[in-house]
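In the two assemblies presented below, chain A is common to both, partnered first by chain B and then by chain C.
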Partner chain A sequence: MDLSLLPQALVSGVLAAGLYALVSVGLALAIGVIGIVNFAHGEFFMVGAFLAYQLFVSFGFDPLLSLLFVAPALFVIGAIIYLSSIRFVLKAPELNQMLLTFGVGIILQNLALLIWGGDPRTIARVPYRAIGYKIGNISIGLVPLGSFVISLILVAALYWMLARTPLGRGMRAVAQNRIGAGLVGLEVNRIYLIAFAMSALLAGMGGVMIAVIQSPTPTIGFGFTLKAFAIVVLAGLGNIRGITIAAIVVALSESLVATMVPNGDSLRNAVFFAIIFVALVARSRRAY
Partner chain B sequence: MKRILATLVLAVLAFAAAQGVTIGVLAPLTGGAAGTGQAQKAGFELALEEINAAGGVLGQPLKIIIEDTKADPATGVAAFEKLMTEDNVEFIAGGYSSGVTLALVESFKTFQPIVSWIGGAVSGIGIDNFDGIEELLGQEEWFFHIHPWDYANTEASTAFQVYTGVDTVALLHEDGAFGGPGAAGAQALLEAAGMKVVLNEAFKSTLTGGTGDFRAAISKAAASGGEMLYWIAYDGDAQPLVSQVRELNYHPKYIFGAPPGWPSDFDKVPEAQCVTGMIGYLPNLPNPEAQAFLTSYQAMHGTAPDNYMAALAYANLWSYADAINAAGTTDQAAVIKALQEGTFRSPMGDWSFKPSIEALHQGFGAEMWFIFQFQNGVREIVWPVDISTSPLQTCP
Partner chain C sequence: MKPRINPLGRDLLLALLFFALLLFLPPLLRGAFGRASVSYLSLGINALVLATLALSWDLLARTGQLSLAHAAFTGAGAYSTAILLRMADVPLWLGIPLGGVVAALLALALGSVTLRLYGIYFAIATLAFTEVLKTVVQELPTKIAGGAPGMNVTALFRPTLAPGMERWELAFVRNQGYFWVYAALLLVAVIISIFIQRSRLKSAFTAIRTNELVAGVMGVNPARLKLLAFVLSSFVAGTLGAVEAHRLGSVSPDGAFAVSTTVLALVTPIFGGLYTTVGPILGALVLAGLEETLKRTFADGYLIGYGIVLVASILFMPRGLVGLLSGIAKRLRRPGGGQEGGMSSARAMTDEPFTAPEETP
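And then the complex of A and B:
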C-alpha cells in the first residue's frame, strides 16, 4: 500500500461525490415524493449525455452551454413519460411500477441506439477537459472540480426549493401523506408530475457532465444507476436530505479502495454492493 | 417405394442447392462494442456484394444472417443457438470479444459447425490455471481462427516498445477476459525483452459497468514513473483514460493503447494526439490490396474504413466463398480441406491457415500488425519504419 497516494485518493473521492449526489438526488425525489422506484433513471442520464453530444456536433455548443438547453428538454421528456405511463400505475402494486419503469428504460435505450448508434460518441473538443492543477503531490482536475461545484449548487437549490417554496412544501406534504395533502387542497397529480420531471432534469444535467468526461453510449446509464441506488439506500429510501452525505461515503469508499488496494479499481462495484448490504442489514436490525 | 424416397431425397437436395449457401455471422452490432461490430458488418456486406457479383457460391447467391451478440456472453450463446436451430446454418463467421468466445466454447462443441472466427484473441498459452480459446478449441478440425492470438499481438507490440528505447512500462488493463490475460502476456514479453514492468494494474472498463473514472489506476501509474503507459481495454475507455492522464499531470514519453477499436472522433480529441496503437489495416496502408479495399469500401459505404475489423470480416467471408467454391460442395469435410489448403485474399495481402502453438488452423500472426500514432488528427503509420508515413513523436 502506497500511502503517498492517499491525499489524491481523498481528493478524487470527494470530487466524484458531487456528480454521484446529482444523479442520486433525482432518484430520491422520485422515490420520496411519488413513491416510485424508477429503473429508467439512468436512461434520463444517458439521454442528457447524448443531447449534449448532439448539441456539440450540430451547433458546436460547449457542454456547459448545453446545460441550459438539456435541462428544460429533460424536464419535458420526464413530464411526457409521466403523463403517458407513470401516472397510470401510481396505485398499482410496486412490482408493476418497477416493471413499467424498466420497460421505459429499455425503450429509451433503443431509441438512443436508433438515433446515435451503439458506437461510443466523443465530444471531441472540450478545451478544459484535460486541465489539472497541481498542488504538491495532488492534482485537482478542472472538470471534476467544476462538476462537483455545479452538482452541489443544483442539489443545494433543490434542498432550498423543498424547504422554502410553496411547491417544495407541497412536495414534502405529498411525500408524507398523499391523501391528507389532497384533502387540504394540494393538487397531488400536478406535484407528482413536477417531481418526476425534475427528477429527469437532474439526471439529465448529470448526463451532460459525464458527456464531458467519457464517451456516451446507450448503456452509459447502467453503472451510474447502480451507484445511485446504493446512495439512495444508504441515505434511506426517499430521504433526500441524506443524499449528499451518502454520496460522499460511497465515492470516498470507492476511491480509497480503488487507490489503496492492488487492482482495487476492479472492486468498485463490490464496494457499493457492500455498502447496500451493510445499510440494509443495519436498518433491519434497528427496526427490531 | 425406394424410387420415391430417392426422388424425394434428390428433390430436397436440389431444393437446398437452389436456396444457396447461408453463412451465420455473430457480431456485436449494439452495446459498448457496437463500433467494432458495425465495422465488421460493413466488411461482410462489401465482401458479400463482391462475391455475388463474381457469381456467388456454388452458382447461387451467397447469403449471410447477422446476429447481434451485444458483446455479451449470454446474448452471444443465444444468438449462436438461434443460427444453429432456427436458421440451420452450417458455417459460422464473425466473432468479437474473448469473453463471448469463451462462453460459446461448449455450444460450438455441441453443434460443431465450421467456425471461422475473427474475434477472441485470448489463447491461454503461458497462463496458469486458465484455459484460453486456443487451448479449448485449437485442436478441433472444424475451428478456424483468423485474428492473431494474444501472444502474437504482444510480440508485435513488444518489438515496437523495444524500438522506442524505453526502460520502464506501466501496464493498465481492464479486468475481464480480454485485458487480464493480455496484460499477463505483455508483461512476460516485455520483461523477456529487458524492460521493467513497474506496474500491472486492473481497472473496471466502461463496457463492463465502470463509470469512466480511472484516476485511481492512473495515479498509481504516475507514481510508478513508467516511461511508457501501456493500456489494454475497450473502445469507450480510450477518451476518459487519455484525458485523465493529462489531468493528473502524468507525462509518460509514450502512451500505447490496445483496444479492439477506437471511438469515433477520437482522432480529433486534443489529448489523444501522441497516443500510439496497433492495427492491422489503415486506409493509408500502401499495399495495392489495401488500396483496392479502400476504393470499394468508400464506394459502398461512403466513408473510409476506420476499424481493422472491417478488413478482417471482408477476408473472413471471401475465404469461406473461395473455399466452398474450391470444394464444389458444402460437405463439411471437403470445406475444411479447402480451408486448410487454400490461399485467400485480404486487404492485408494473401494469407492462409497454418498451425499455431496449440491450434490446427490459425490465420494471421504478428506480421499483420503495425503501429500508428495520432498526429494532428490523423493516424500516421510510425512503425515498422519501412512503411511509416511519419516519424514517431514523444508525448508532451
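And then the complex of A and C:
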C-alpha cells in the first residue's frame, strides 16, 4: 500500500461524490415522495448522456449548453413515462411497481442500443477536457471539478426547493401522508408527476456530465441505478437529506479501494454492491 | 358420488405422458422435415431452457421472495462444472449435478442472511449479490477460472462423422442429445413443482407470501420453507447453467452472470402465469418463438421485446396467460358469467400477482 496516493484518492473520491449525490437524490425523490422504487432511474442518466452526445455530434453543442436542452427533454420523458405507466401502479403491490420500472428500464436501454449501437461514445473534443490543476502532488481535472460544482448547485437547489417553495412543501406533505395532503387541497397526482419528472431531470443532468468524463455505452445506466441504490439504501430509503453524506461515503470507499488496494480498479464495482448488501442485511438485523 | 382421483397422481401421470411425447419429438421432426429439423430442434432447446429457468424462478417466487439473483445461480453452476473439470478432471455426468449442488449451497448461504429482507429489499440485495459473485469469479486466479475473458469447456455431446452420414445429421444428433438432456431437466423441475402444488407446501408457501407473520403464528416455519424453496430453485438453475456451459463450449463472467438471464427468468413466469406449473412453461413456449423473431429483427437490442412484454403483462394481464385463458374458459362454461360468493374470496387472493407484507427494512 502506497500512502502517498492517499490525498489524491481522497480528492478524487470527494469530486466523484458530487455526481453520485446528484443521481441518487433524484432516486430518493421518487422513492420518498411517490413511493416508487425506480429501477429505470439509471436509464434517465444514460439517456441524458446520449442526448448530450447527439447534440454535440449533430449541432456541435458544448455539453454546458446541452444541459439547458437536456433538462427539459428529460423532464418531458419522465412525465411521459409517469403518465403512461407508473401512474397505473401507484396502488399496486410494491413488487409490481418494481417490476414495471424494471421493464421500463429494459425498454429504454435497448431503445438506446437500437439507436446508438453498443459502442462507447464520448464528447472528447471539448477544449477544456485536458485542463487540470496541480496542488502539491494532487492533480485536479477541470471537468471533474466542474461536474462537482454543477452537481452541488443542483442538489442545493433541490434542497432549497423542498424547504422553501410551495411545491417543495407540497412534496414533503405528500411524502408524509398522501391522503392527508389530498384532504387539505393539494393536487397529489400533479405533485407525483412533477416529482417523477424532476427525478428524471436530475439524473439526466448527471448523464450529460458523464458523457464528458467517461465514454458511456447504452448499458451504463444499470450500473448507475445500482450505485444510486447503494447510496439511497445507505441513507435510508426515502431519506433525501442523508444522500449527500451517503454519496461521500460510497464515493470515497470506491476511490480508496481503486487506488490503495492492489489490482483494486477491477474491484471498484464490487465495493458498491458489497455496501448495498451489508447495509441491507445490517439494517434488517437491527429492525428485530 | 364421483370416484375420487388423486390429483398428485394425475398431475404426475400427465407430466410423464407429456415428456414421453417430447422423447419422440426429435425423430418425428427428422422424419417430417429432414434437414430443417436441426433448426426446429434448436428452437425447441431454447424453449426448454427458458421453461426450466422460468419454472425454477417461480418455485422461489411462490414464497414471496422475488429474486434478482437467478443469474448468480446459473453462473455458479456453469463455473463449478468448468472449474471441477479443469482442476480435478471431474467427469461431466458428475460435474453437472455438482454445479447444481454448489448453486444450492450458495442459495442456502444467501438465503440465510436475507431471510429478514422483504420484497424490494430482498430484490436489491440479491441483485447486489449477483454482481459481487461475478466480480469474485472474475478476480479468481486465471489458472482456476480464466479471469475476465473466461475459459473453454468441453462439449457434452461430440458426435463424430460416421461414414455415409451427412453434415446436418451430425448437427441433428448433437441437438437431439441436448434436447433430451434439457427435457429431462425440465421434467425434474416439473416434478418438484407438482409435488409442491399438490401437498401442504402449496398452502404454506402461499401463506408465507401473503403474510409471513400470520403464517408463523399458524404453525408454518417461514425461515425453513423459504430456504427450502431457495435451495430447490437454485439447484435447478445451477444444473441448467452447468449444462448450458457445456453446450456453449465456454464460460465467461459477463456471459455466465448476465443480467439478461435474470430478466428472462422473471419475465417468462410473469407473462405465463405466476405460481403455477403450466404458466412458466406456456410463457416460455410463446416467448422462445417471439425471441427468434426479435433476435432476427433487432440483433443488439432484442431484449426490448421482453421489456414491453413485462410492462404490458403487469399493466394489462397481472395473472398472466394462464389467468387469461382460465378466465376465458370460465366464461365459456358459464355463459351468465355469474360468480358464486365462495369464488370471490379465492379470486381476491390470486388476482394480484404479489401480495407483499408490510415493509420492514
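Before moving on, here are some points about what is shown:
The definition used in the following text is that the second predicted complex is superposed on the first by the 279 of 288 C-alpha atoms of A that agree within 3 Å, B and C clash if a C-alpha of one lies under 4 Å from a C-alpha of the other, contacts with A are read in each partner's own complex, and residues count from 1 in each chain.
Operating definition for what follows: contacts are C-beta pairs under 8 Å (C-beta built on N, C-alpha and C of every residue); 3 or more make two chains touch, one makes a residue touch a chain.
Quick caveat, the model's predicted, so the values are computed rather than measured.
After superposition onto chain A, the modelled positions of chain B and chain C overlap sterically.
Once the two complexes are laid over each other on the shared chain, residue contacts for A:Gly117 go to chain B and to chain C alike.
In the superposition on chain A, A:Thr217 makes contact with chain B only, not with chain C. Of the two partner chains placed by superposition, only chain C is touched by A:Ser284; chain B is not. Judged by the touch definition given at the top, the superposed model places A:Ser12 against chain B, while chain C stays out of reach. When both complexes are overlaid on chain A, the residue A:Lys134 reaches chain B alone and has no touch with chain C. Contacts of A:Ala274 after superposition on the shared chain: chain C is touched, whereas chain B is not.
Look at A:Ser266: by the touch rule set out above, it reaches both chain B and chain C. In the superposed model, A:Val89 makes contact with chain C only, not with chain B.
In the superposition on chain A, A:Arg164 makes contact with neither chain B nor chain C. One listed stretch of chain B collides with chain C once both complexes sit on chain A; from 80-88, 278-286, 368-376 or 386-394, that stretch is 80-88. Chain A uses residues 113, 117-118, 222, 226, 263, 266, 269 to touch chain B in one structure and chain C in the other.
Those residues of chain A lying in contact with chain C across their complex are 37, 85, 88-89, 92-96, 98-100, 102-107, 109-114, 117-118, 222, 226, 229-230, 233, 237, 263, 266-267, 269-270, 272-274, 276-277, 280-281, 283-285, 287-288. Considering their complex, residues 2, 4-5, 8-9, 12, 16, 113, 117-122, 124-125, 127, 129-132, 134, 139, 141-144, 210, 213-215, 217-220, 222-224, 226-227, 255, 258-259, 262-266, 268-269 of chain A touch chain B. Within the complex, the chain B residues that touch chain A are 28-35, 37-38, 175, 201-204, 206, 209-217, 219-220, 223, 235-236, 238-240, 243-244, 246-249, 263-266, 268-271.
Residues 66, 113-114, 116-117, 119-121, 123-125, 127-129, 131-132, 135-136, 138-139, 148, 259, 263, 266-267, 270, 298, 300-304, 306-311, 314-315, 318, 352-356, 359-361 of chain C are the ones touching chain A in the complex.
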